[in-house]
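See the structures that follow.
Here chain A shows up in two complexes: once beside chain B, once beside chain C.
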Partner chain A sequence: MSYLDLSIREIHEALVNGETTPLELTKEAVARAKANKENAFETICEKEALEFASSLTEVEKDNVFYGIPYIAKDNFSTKDIETTASSNILKGYVPLFDATVITKLKAAKAVMIGKSTLDELAMGGTGTTGHLGTTYNPYDPEHKRMVGGSSCGSAASTAASIVPFALGSDTGDSVRKPASLAGLVGLKPTWGRISRFGLFPFAPSLDHVGYFTRNVEDSALLLGLLSGRDDKDSTSSFKPVEKYEEKIGESIEGVRIACIKEIDESITDPALLKKYKVSIDALRKQGAIVESVEFGKDLLDSIYATYIVISCAEATSNNANLDGIKFGPNYGGKTYQDVMMTARTKGFSELIKRRFVIGSFALMRENQDVLFLRAQKNRAKIVEKTNEILSKYDFVLTPAAPGVAPLFGAKSDKLSDEYLIADNHLAIGNFSGLPSITLPLGLEDGLPLGINIMGRAFEEKELFKVASAFENITGLKGLSVINKKEGNL
Partner chain B sequence: MPKGFQITQQFRPIGKEGYLTVLDKNGNEKKIGIERIHMEEDTCKQLHLADCSLLDYNRAGVPLVEIVSKPEMRSGTEAMHYVEAIRNIVVYSGTSDGKMEEGSLRCDVNISVRPYGSTTFGTKVEIKNLNSTKNIESALDYEIARQTSLLLSGTPVQQETRRYDEASGKTVLMRVKTDAVDYKYFPEPNIVPIKLSDEFVNDAIATCPELYDSKKERYVKLGLSVTDAEIILSDIKNATYFEGGLANAKSPKGLANWLIVEVNAYLNKNGIAIDEFPLKPEVLAEISNMQEGGFTHKQCADILNAVLAEGISPKEAQAKLGIQLMVSNDDEVIAAVNAVLDANPQSIADFKAGKDRAIGFLIGQVMKSAKGKFNPAVVSKFMNIEIRKR
Partner chain C sequence: MKEITLDVLRDAANRLMFDMSEEEYQTLLQEFDVLKKQMEMIGKIEGLENYAPMTFPFPCEVSYLREDVAEEPLKKEDALRNAGSKQDGQIKLPKVVG
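And now, the complex of A and B:
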C-alpha cells in the first residue's frame, strides 16, 4: 500500500500533514511507471517531473491537486515533450505549447509524470493500434485481454495505481469503455465544459476531454479544476464552473432513472446481467425510480455506422495536416505530392488509412447526401430521442460494455453484429454531448464490469450525486489492481 | 497551428444576391450582380526558390472577405470599374487599405467568350497576378481578343489558369486545369454558430462610415465639379483632409481648388503625402476664405508660401508681405481708369487704330497708380468699357 493508491483528497491530507511530499510521490509514481508491464507509456517524463516536484515545497492547503502525480494521454499537446498520438507520422514532434488542461494542471501544481499510449490518433477501441504495439489490461497478468481504447495507457496506469488520475479523450467511448474494462471511474463531461485547446483533433463535433479516476469525488474535484471558458476553444462554454462535489452524499430519493430496453436486451453475459439487476434493485431501495424505456432498435443499430461516417469524415479533414511537411518525419521526395504520399504511407497504420478512405468517400460530392448528410440526420434523430427520454427522466443507466475485458483477437475495428448495440451505445453521449460517467459495477473472475450513467447537459453535479450513490452500492470506491476488492454485488 | 483545411462560409454567406452599379466602357450605368459575400480564412503563402519551397504561415487564420460576382461584366473596363467600386467601399468603410499591390485587395478573374446568341457560356479561363485595376482592364481586353481569335480560327479555348505579364501586356499560361476540385465542404464543428442580432446588424449599418459614393454626391452638392470630387476622393487621406477644412471653409469649391492645385503641387515638389502636409486643414480653409474675402489668388498663394516657409499664421504672413485687400468699389476703379485715359490720349488713338497692346499698357498704368489695391480683372473689365466710350 502506498499513498498513490489513495484518493486525491486522501493524498492531499497526507501532504498537508507532512506524511509524504510531492517529490516522494513523484519518485514512487515514476518508479511504478518504469516497472509497468502493460506498455502504458509513450514517454515517462522523469526529469521534468522530479524537477517540478522538487520545487513544490509549500503545500497549499486549499489546493487538493498540489503535488499530485498524473498522466496525460499522448494526444494532449505538451510543451517541450514529444507528443506522437501513438502514430509514426508524429514521431519526434515536440509541441510548442501546452494544451489548456495541461496548463491548468500545471498551475494547480499537479505533476505530470508521463504521456500514455493510445490507439493511433485516438481512432480505435482496442488499445492495440498504437505505434508501440498493444497496451494490456493490468487485471490480466497473462496479457491475454485488452484494456480497451483509445485511452488505453491512461486506463491501464490508473488501474495499476501508478497515479490517482489520468487524462484521456473520448470521441466515441474512448474513456468510458476502457474505464469499464479496467474497473475505473471514467468521465466524459458535457461537450464544451472542458476546453479542448491542445487536444489533437480527431472529430471535433464528437471530441471531448475526459479522464479516469478511482472514485467519484476525485472525478468531481477534477472537473472543477479543468472546466471553464477558454477563448482558445470557441466551443468552450461560458457557463460558470460549479462545485461539482457539492451534492455527493445527498439522497437519491425520487431520482428518475431510465434503462434502455433494447440495450439491456442486447446483454448476454449472465454475470453482468445479474449484477446489473441487483444494482438496480439497490437503487430502488434508496428511493430512486428506475424504469425501462424503449429507444428503438433500428436507431440503436444505426449508432455504429453513424459514428463511423461522421467521425471518419471529420478525421480526414483534421488529420490532413499530417503530411510529413509540417510535423513529424519528412522522408523527402521529388515533388510535394511525393513527400506527402511517402510520409502518409509510412506514417499511418492500415486501420487509419481505412478510416481516412471511408471519411473521404463519405464526403465526396456525389456521396455526401447518402452518407455524410444522412449520418448527420440520423445523429440528430438519436439525439432527439435521447433528449426526449431525458425530459421524463433525470438519468439513463446502461451497462457500459457487453461484459468483461475481451480477449485479443476476439474483436477488431471492423463492423460486426456481435455486440452491435452493447458495444457502441456509449457514442450516444458523444452525438448528444451529454455528460456520461462509467463506474465499476463488480468483478467477474477478477475482471471488472462497468455501468454507465448519462445525465442532462451541464448537470454534472447531479450526475456525481447519483454516481456516488451507485459507488456506495457497489462498494468499489478506490478499486485498483493493487487495492483489490470484491464489491457488494 | 497549420491546419490541413481552410474554413470558409460555404453554406451561410454573409450576403447574397446583391449588386453594384458601375459605368460600362461607354460611360453608361450598369448593375453588376453579386452572387455572394462570405468570410474565409487566409491560409499560407508559398515561396518557390531555386532549390526549395517555403511556407509562410504568418497570415494563416486571418479572416478575409470574398466577393463573388455574377458573369455579367462584358469588358475589361467594366471589370476595372467594378473592382474600383469595391475598393472604394472597403477603403471608405475602413475594412481594408485596398492596396492591390500589397495584396490587401486581391482579385481572380474568370473570363469566357461565346458567339452572339449563344445561351451557354464558353470555356472559362482564370487569370491570376492582377495587382492593379489598370492591369485588370488590360489583361481582360487582351484575353478577350485572344479567346475571340482562337474561336474564330476554330480552336477551342482550354480550361486553364493564366497569369498577366505586365511587361508584355499579355496573359501567359500557368497550368491547364482538369476537373474542378472536390473541396468536400462540411460544417466545421469547432466554430459554434454565431447569431447576429438585428441590433448588431443595424448598429453596424448605422455606424458604417460615409462611403465613397455618398461623399461624392455630397461634394457635388457643395458645389464641387465631379472631377474635383473624384480627385479628392481618389485617396481617402485627401478626403479626410478636405473634410477637416470643410467646417471652416466659406467656399467648399474654393477649398477644393486650394487642395487640388496648390497643396498638391507642394506635396509633389517635396515628395510627401497629404498626411505629412504641415498645415492643418483649418489653416488652408482660412487662406481659401481670404480669397473669398477679396484677396487675389496670387496674393493668397504668396500668403500660403510664407505660411509654409516660415510656420507663421496667414494673418501674420499677410502683414509681413504688406498685402492689402483689393478695392472692389467699381466707382473708384472707373475713376482711376478715366484718369489714366485722360493722361494718355496717344494710347487711345493707338487702340482705335487697332493696336491691342495699347490697352495692356493702360491697365498697367492703372494698376501702378493703385499700388496693387485693384483687382486686375476688374480693372481690365472697366478699361475695356471706358476706352470704347472715347
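And now, the complex of A and C:
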C-alpha cells in the first residue's frame, strides 16, 4: 500500500503528520506513470513536476490539495507543456497559457505529473482513436478490453492508482462512461459550474469539465476547488461556490429517486440487473423512495442521433482553427486553401473526418431544418421531460453502461435498444446540463459495473449526499486495481 | 433530407477543407446507412414544431462591462511560437490577392 492509493484527505493527513512529502509522492506517481502499461500518457511531466514538488516544503494544513499529484487530460491547455488533444494536427503545439482549472490546481499547489491520452479531439467513446493508439483498461491485464473514452488515459491512470484524481472532459458521457468501465467515481457537474476556459472546445453547448476520483468525498472537495465564475468563460455561472462535502453522511430518508423504466428494460446483462436491483432494495432500506417512471421509448431512442447531429455540427466550426497556418504542421502549397487542405487531410484521422462530414452534412442548407434544427428542438423536448421527472423526484438513478468493459472489436447492433438507450442515455445530462455522477456498483468476473445518479441544476451538494450513501451500500469506496475489493452487492 | 451520395459526402468534406480516400468515402457511405435510420428516429418524435431549438442548457446572459485594466499583450515571439511558417516576424502564407 502506498499513500497514492489513499483518498485526498488521507494523503493530506499523512503530509501534515510528516509521514510523506510532496516530493516523495510526486516521485512515486512519476515512477508509476512510467511503469504504466495501459498507454495512458501523452506526456509525463517529470522535470516540471519534481521541480514544483521540491518547492513545496511548508505543508498548508487547511489546503487538502497541497502537494497532491494529479493528471490532466491532454485537451486542457498547459502553459509551456505540449498539448495535442491526441491529434496529429496539434503535434508540437505548446500553449501560451493555462486553462482556468489548471491555474486553480496550481494555486492550490497540486502537482500535475502528466497529460493523459484521449480519443482524438475528445470525439469518441472507445479510447482507441488517439494518435498514440489504444488506451487499455487496467482491470484487464491481457489488454483485450476498452476503458472507454474519450477521457481514457485519465480513467486508466486513476484506476491504476497512479494519482488520486485526474481531469477529464465530458460532452456525451466521456467521463461518466469510462468511470463505469474503470470502477471510478466520475463527475460531470452542472453546465457552467466549472470554467471551460482553456479546454479545447468540441461542442460548447454540451462540453463540461469533469473528473475522476476513487471516492465521493474527493469528488466533492475537488468541485469546491474548481468551481466558480470565470470572466474568461462567459458561460460560467455566477452562483456562489458551496461546501459540497457538507451533506456527506446525512440520512437519505425520504429522498425521492426515479428509475427510468425504458432504460432499465434496455439492459440485458443479468449480473448488472441483479446488482442494480439489490442496490435499489438497499436504498429503500435506508428510507429512500425509489420508483420506476416512464420517459418515452421514442424519445430515448432518439438521443443518439440528437447527440451526433448537434455535437458533430458544433465540432465542425470549433475545429476550423486547426488549419496548418495558425495551428498544425504547414506542408506548403500554392494557395492558402492548399495549405489548409493538406494540413487537415493529413492531420485528422479517418474517424474525425467522418464525424466532421456528418456535421457538415447536417448543416447543409437542404438539411438544416430536418436535421440540425430538428435535433435542437428534440433536445429541448428531452430536457423538458427530464425536468418534469425532476420536479417530482430528487434524483434519477440508472445503470451507467450496458455492462462491463466491452472487448475490442465486439460487434454491436447500432439500432438495438442496448446501443441506442443503454449505451447512450448519459447524454441526457449534457443536453440538460444537469449534474451527473457515476459510481462503482460491483464487480463481475473482476470487471467493474457502474451506476449513474443525476440531480437538479446546481444541487451538487445533494447529489454528493445520495452518492455517498450509495458508496456505503456498495462498500467500494477507494476501489482501484491495486486496492481490489469485492463489494457488498 | 438531401440524398446521400459519394459526391454529396465529398462536397461536405471539401467544405470543411479536407479530403478522404475513396475507401474512406465508401466506409462513410456505409456508415450513413445506419446513421440515416438513427436520424429518422428524430423524425418520429411528434410535436417538435412547438419547441424552440435549444442552443444552451440554461440562459447565460452576461450584461456587464469588464474593468478597463491594462494587460501585458502577447509578445511577438510568443504569438509566432506555434505558427508552422513564419518570416520577418510575421506568419507566412501563400499569396492571397492578385
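As a working rule, the second predicted complex is superposed on the first by the 481 of 489 C-alpha atoms of A that agree within 3 Å, B and C clash if a C-alpha of one lies under 4 Å from a C-alpha of the other, contacts with A are read in each partner's own complex, and residues count from 1 in each chain.
Assume a contact is a pair of C-beta atoms (placed from the backbone, for glycine too) under 8 Å apart; a residue touches a chain by one contact, two chains touch by 3 or more.
Model, not experiment: these values are computed from the prediction.
After overlaying the two complexes on the shared chain, residue contacts for A:Met364 are found with chain B and with chain C alike.
In the overlay built on the shared chain, the residue A:Ser205 is in contact with chain B and with chain C. Of the two partner chains placed by the overlay, chain B and chain C both lie in contact with A:Ser234. In the overlay built on the shared chain, the residue A:Tyr336 is in contact with chain B and with chain C. Within the superposed three-chain model, A:Ala380 lies in touch with chain C and out of touch with chain B [touch as defined at top]. Once the two complexes are laid over each other on the shared chain, residue contacts for A:Tyr139 go to neither chain B nor chain C.
Applying the stated contact rule after C-alpha superposition, one finds that A:Val94 touches chain C and leaves chain B untouched. Counting the residues of chain A touched by each of chain B and chain C gives the higher count for C.
Shared-chain residue A:Asp301: touches chain C; no touch with chain B. After overlaying the two complexes on the shared chain, residue contacts for A:Ala313 are found with chain B alone; chain C is out of touch.
When the two complexes are laid over each other on chain A, chain A has residues 205, 234-235, 316, 320, 323, 325-326, 336, 360, 364 in contact with both chain B and chain C. Interface of chain A with chain B (complex): residues 201, 203-205, 233-235, 313-314, 316-323, 325-326, 336, 360, 363-365, 368, 372. By the touch rule above, chain C contacts chain A in their complex via residues 1-2, 4, 8-9, 12-13, 15-20, 24, 27-28, 31, 34-35, 37-45, 47-49, 51-58, 60, 62, 66, 74, 78, 81-85, 91, 93-96. Only residues 2-5, 53, 55, 182, 184, 186, 188-192 of chain B touch chain A when the two sit together in their complex.
Taken together, the chain A residues at the contact with chain C in this complex read 92-94, 96, 191-192, 205, 231, 234-235, 237, 298-299, 301-302, 304-306, 308-309, 316, 320, 323-330, 332-341, 343-345, 348, 350, 353-354, 356-358, 360-361, 364, 366-367, 370-371, 373-381, 383-384, 414-415, 420, 431-434, 457.
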